[in-house]
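So the structure is just underneath, and the comments pick up after that.
Per-chain residue numbering starts at 1, and chain names A, B, C and D are given in the order in which the chains are listed.
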Amino acid sequence: MNSVTQAKDKDIREDLSWSQINRDVLASLERPRATYWVLFALAFAVFLVGLGCEAYQYDTGLGVSGMNNPDVWGLYIATFIFWIGMSHSGTLLSAILHIIHADWRKPIYRFAEAMTTFSLMTAGLFVAVHLGRLWEIYYALPYPNERWTWPNFQSPLLWDAMAIFTYLSSSILFLYVGAIPDFAICRDYATGWRKTFYGKLALGWMGTDRQWRNFRVSYLVIACFLIPLAVSVHSIVASDFAMSQQPGWHITSFPPYFVAGALYSGCAAIITLFIILRHVFRFEEYMTLPILDKTARLTFAIAMVWTYLNCIEYATVWYGDSEVAKETLMQRATGPYSVYWWAMNFLGSVLPFTLIFKKVRANLSAMMVISLLLNLGMWLERWMIVTPTFSHGYYPWTWNHSFFPSLVQWGIVFGSFGWFGMLFMLFCKLVPSVSMYEVKEMVFHRKLARLHASQA
Amino acid sequence: MSLDATLNDWTKLRQTHPLPGSHPDLKWAMAIDLDACTGCNACVVACYAENNLPVVGKEKFAAGQAMHWMRIERYWNEADENAPEQGAQFLPMMCQQCEAAPCETVCPVGATNHTNDGLNSQVYNRCIGSRYCSANCPYKVRYFNWYNYPEQVKAWPEPLPMQLNPDLTVRTKGVMEKCTFCVQRLTDAKNNARTEGRPIRDGEVTTACAQACPTSAITFGNLSDAHSQVAQKWRLQRVELDKDKQLKDIDGSHPGLRGYRIFEDLRPYPSVMYLERVRDTQA
Amino acid sequence: MMSHTILGSLARRGTVRAARAWLLGVLGALGLALVSGWAWAGDKVEQPIEFPHDIHAGKMGINCMYCHTYARRSKVAGIPPLRKCMGCHENIESVKDKPRIKKLFEYWEKKEAIPFKKVHDLPDFVRFNHERHIQRFYFQLGRPVQEVCGYCHGNVAGMTVAEKVEPLSMGWCISCHQKDHPDAPAGTRVNFPRMSLADSPAQEPKAETSHGPNDCWQCHK
Amino acid sequence: MKNLQRRDFLRVLGWGGASASVAACGFTSVDSGVETVKSYVEPEDFNVPGVGIYYASTCTQCEGLCGVVGRVRDGRILKLEGNVASTINNGKLCGLGQASVQHHYNPDRLRAPLLRKDGELKPITWAEAMPILLDRTAATRDGRFAFLTGPVSGHFKVLAGNTTEALGSRQHLVYDPLSTRINRVAAEQVLGSGAPRLLLEQAQVIVSFGADFLDTWVSPVHFAGQYARFRRATEDKPRGTLVQIEPRMTLTGANADRWIAIRPGTEGVLALGIAHALLAARPSAAGAVPPALVTAATAFDRSRVLTDTGVSAEAFDRLVKLLQDRSPAVVLSGPSAEGHVHGYSNAQAILALNWVLGSVGKTVVAPVKSPFPQIAAESGDTAALRQFADGLAAGRFDTVFIHDVNPVYSAPAFLKIPELLPKAGFKVVFAQYRDETANLADLVLPVDSSLEDWGTHVAPYQGENLELTLQQPLMERLYPDGTRSVGDVLLEVLKRQRPQEYKGFADYYAYLRAALVANRAAFAPIDGDDEYFWTEALSRGVLHVKAGAEAHGAEHAPARLPALELDFAGATTPAGDPYPFTLAPAVRALRDGRHANLPWLQETPDSLTTIVWDSWAEVHPATAKRLGIVDGDILEIASASGSLKVQAYVFPGLHPDVIGLPLGQGHESMGRYANGIGVNPFRILDPVFDRRTGELAMYATRVRVSKTGTRTNIVSDEGWKSGNLKTQAGRKLVAVLPADKAKLSEEV
């Protein structure tokens, strides 16, 4: 009884034995709940749908996406930003919280980081998908070639590509380095092909204190390197818009606005996956309600920041000198897309207030729904940046108030979720999605702390 | 190789307005007299004929995927929208060949550049179809090949392909295209002039639209040649290429001036000057 | 120092060797990309009549432009009209019985053009202008015609049917146009990527502004 | 022979160029030995591969007959430009003219003659076709022959006439669905010439009663050029002012300084009202005007005119004042004023204003008279079709030739052409496409496109000097065994009928050449032998006909206005009409539908509505409001003679009692680009005819409008799908400057 209440308000039970942690976590690699396979199959199916649509579009031409002269970007770029955004939470949890020594992050940062990596990969897909001539994509790479040409270094799109690739590679590195000790554990417990597999990954980790020392330092270095990178990436994505001529796009406050939005949707996504993993891998002991509670509070805070910056954006337009930009803003609020726009504002700024109730934060199913809705809101935000602006730009003759993406476009967008889910599920099955050694540290420190307290 | 050139000239790359006298020899430009323009569409068809534009058909037109590089826009007065006693207003709109073109800076592969004779070039075979240029074009005069018109859509059933102009390509799926001021004609003219070792004569070459226009509303020529017709028109209207505010706008002292450029306040410095439509209010 | 120790620790596992292999691989790929432009391999083309350039241009030393008469007047060099061949060969009794000449006469009887195969073909988005180059190098700079044509077509006087000996790739074009040889007018030098705005006269000499492959449209259509 | 070499030059080269450029800009093979390069066997030395050469010819797309030059490269005609040598279009060319290359390259062209065998049209060869044609025509019993053509001129007219004659018939019927005959007859009567020269650029005011001279009327490109000069100001002449008065806005109306919507059919009343007001203010003018008109005018006082025409008092007074203040003026009468039962009276009253304003001899002068009446233009009329129909009904024809017209499509339903045509014994249709009429023929002979054929033309409306324009092939036949020149065929017929006269001529080309060379004295001198004359003529494309001394100048206009026969009965419609609206058929680039299969024209947005690839019914906003009609509603437009369903387009440029309906669409058999697109208003025209000329009254059909309940999306270029934006939304795109502020005379 006592221990139960203990478990309720503590981030993690302090009487967890090392061996139990290993057993529980390694179990996730062996025999997850059946839900896992259901989800995986679902993700895979959705991915196949997207793949089909893309194949069709690749062969027929982008026209099948229903895009047209004013609206040349449609959902692809919107969803691209969305996925870039998703990627930020991982860094937030693992790197930032790591540096500020918030140890409650430890059980959940691993999958958050995986999320970073995979959502970046998904985002990268959209860059390719929305190209008219995907097969010529290498023109954008600055490499010495027989044409003796360079890409255009002025183009924010190029900065984008560079930033994203840097971010992707370093976050993969971060993820990998952070997991080396766990790979070693897997190696020690595994048999058959898995032994060699984890053996290779573990890079011969022995756990000697020299290794630990180097490990800690390098981990810290990458973390410090990653944080500014994460911020810069989304700022650069924002500059795709901020640096253009479109009314309602060239707004100075876009970069921070985008970063906030990114962290926001990231946190929401973490909550979703948190709940899913907790269920399918029986991680009740590690992904505990108090941690969820903390994450939820963090989400709420970021939601407020985002709301603030959102208002800033409207204000800058409203008090700015560009009549057309103002017109576009009004168009969003009153025009054909107003439904989505209001939905976006409601989901993004009002809904988070439900998170101030402890009851809600403690209710898994409620949190599941809310987190999904928050992300829907964030996705709508991206779409509201792209489409209404195109549909009502400077030039009235080409206004198109009735643009709506074709099924092919939707198919590809949904497919991307399938692709992400597939990779993520695969990852959780192959790599411990809870960092064993860090949970052990956590438990150890907590114990220690209490001992000190009791002695004092 | 010219990465160093790029880096050396970084400041120049970030330049946001044209330098005076940047085209000492050649600067192609237009003057379009909206009082003469009757909206008869001759220029539009001429453009189709000259530039291998695909006919996309009703369905794709409805989807907003038309490929007319030049379009005639028809506006009614706000005042008499229901009884247009002043008639309609027509505006031929094509790529304005901006001096500080918003489309140029954003292209990831540098497929659209500024040429030395002041054109905004579009290199079809370099384009990868990111459509960023179109997104950034305030006039929305860039047209994207949403489909493979020559092969898959079959926009030119036999024997129509025989009409295609061999001086320029038929663009394929996934590339951006736009009005080029009939650059294939200009290149030939420059070539002949060079062979004969002389500067290009005014009126020696013109665009398909200008050539067809039954009322000669479109004047095309070399703005750097002070005696060319187009240069005279610009001068007379006191419109200057590298200004974003013309005399006309600055003070009311010149009510008679008709010359203006569209969206000048966005500072793209277009190469097309329009002359205001004139209406007799006594009639 | 720090990173050094890290490497040190990893070195035991021989990962540095792996890393080195990686590096080499990447460099190799780049190198390949760079060189690929020179993989031209102009294979010999089967022609309806194996025209002996070596005899006409080589042995006889006939001026290229005597037959290729369009090259100096048009962007397209074209193929000499049949009448051109007959102009001489009608009166050259000595070779009338040679198989190739027989073929020639057959075509002439049928009043039918000889379907020669294109040897030096460019992508259709490229606008190469023979007239320009011949006007400059042959007429203005007075260089020997075989040298001038040879810049791109190689030593045709040494071949029977023409063969492609140069890559004719964009980089290859630039390799000339970028060279600073004394007689290259400033304007024919190339910079990529082009600046977003026309360069000020201060930066580029006047000669450059109106011509020269400084703008993409000079060569791309 | 020169000609043969020319044709050799026009032979298509192995056109690697374009075929490749179709595949261009994606991956293209640059491997050696893939493409072939050919050259001509014996080229002219001006013939350089890769260099386009321009050849002069004539544009036969409309009756304007502009001179054109075609850019020919590697044996392919690529594009047409205006011919600067022609004083009709002075180097300019309209969209319709530009599009004629698509008639030439049209994928739906007939490539072999068709013969009706057991009810089916089956392809045969020319070798089979010609004997059949010759025998059947030879078998025609005396005089039982009719030749229905479109407007003709030049030597083809002569050939057609002679063919008809040779078969003992007088029935060479020249049919033009969009005939301007009422105008011609009235002008003949009032101004002394059917096609007087209009010096628009010298006028300060143009008042046009529905004459769409910028887009479709008589000689649009010529008038557009004049219009530009008319708008320009010089020291001695201010910018001209255009007032357009019509029930439905035409392109010309859209360019007017003042556009006045008038109740259809009351144009004559307004004209007389103006005359009355002017005479009242300036009795001196009455000198030139017969008392008949003066008295006639007195009946039309201001108040009556205003009530009849529905023109606002303010507009009326402004107009009168304008005409009083500024001179010279031109008054034009157009189809919408003439297409009524009293159209002739309207036209007379309107044209008479030129006398009242003293324009005759100033801005309206007599044209140069042609010394060759036999090749002068013969503009068609609709009476010819009625005559044809009557002949068919009476079974008066053993053989009929139909060329350059499509009566089955363009005839009003009440004429029952499709039902009557079978009554003719043997129906030969010369056609480029298997159109509606060809479908009913016994023998369909595919003809050359206008860019493959020879010909001479004399435009009905001439510029400052009388011109004979030459038409020559700009390219070898696309289908050498498939198509032939009508001229050649007729010549064959004539050789069969009158061997003696015609055996001299190898073909139509030889005939033309002989004819012109024989008459070279009549043209502006070209020295050199006949050979040179001929080549020179071809390279110019235009021959200036020396006008006889007697033929020049204004003195040919009658000294004073002859008496008018005015009869406005039926000008105003009875109340309680079951058909409350008047139908205004709008003529567009498609003209009478003969150009509906040109993709460029279909894809080019209509100037005023910007609608593409479709028909539409124009409804005035007020009317739309009253009937609850919005854009895209499918309406049923019903007249007493038929009905059709078409999408609604709310259009301000209308008199509220008028429904606008564009002509030219609604083909059943005109090729892939025309079939099943839009509706054909010709079908529902009422049998109303002009009292005097018997011409079909095109603008007199009364209709009723009802919603069918279905709706569609209008496909237009106009701010497409943005709540149908009609204005500039506060942007400065088209700026307008009041004329009194502008300093046009200082401009270049």
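In the analysis below, contacts are C-beta pairs under 8 Å (C-beta built on N, C-alpha and C of every residue); 3 or more make two chains touch, one makes a residue touch a chain.
The structure presented is a predicted model; accordingly, all values stated were derived computationally and were not measured.
Here the two chains linked by the largest count of contacting C-beta pairs are B-D.
Closest chain to the protein centre (all Cα atoms averaged), using per-chain Cα means: B. With each centre defined as the average position of its C-alpha atoms, the distance from chain A to chain D rounds to 66 Å. Rounded to whole angstrom units, the spacing between the C-alpha centres of chain B and chain D is 32. One simple way to say how far apart two chains are is to compare their mean CA positions; for chain C and chain D this gives 53 Å. Multi-chain contact residues of chain D, defined as those touching 2 or more other chains: 21, 23-25, 50, 717-718, 720-721, 728, 731, 733. In chain A, the residues that reach two or more other chains under the touch definition are 144, 148-154, 394-395, 397-398, 400, 403. Within chain C, the positions touching two or more other chains are listed as 75, 123-125, 190, 192-193, 196. Residue ranges on chain C touching chain A, taken from their complex, read 2-3, 5-6, 9-10, 12-13, 15, 30, 33-38, 167, 169-172, 174-175, 178, 190, 192-193, 196. Listing the residues of chain C that touch chain B in their complex gives 75, 123-125, 127, 129, 131-132, 135, 187, 190-201, 203, 206, 208-212, 214-218, 220-221. Residues 12, 15, 17-19, 21-26, 50, 73-74, 76-82, 89, 91-96, 98-99, 101-102, 105-107, 214-215, 220-221, 224-225, 227-228, 231-232, 239, 241-244, 249, 251-261, 315, 318-319, 322, 478, 589, 599-605, 607-608, 610, 612-614, 621-622, 652-653, 672, 677, 713, 715, 717-718, 720-721, 726-728, 731-744, 746-748 of chain D are the ones touching chain B in the complex.
Put simply, chain A touches chain D in their complex at residues 323, 391-392, 394-403.
The touching residues of chain C, when paired with chain D in their complex, are 42-43, 45-46, 70, 73-76, 78-83, 108, 111-125, 163-164, 168.
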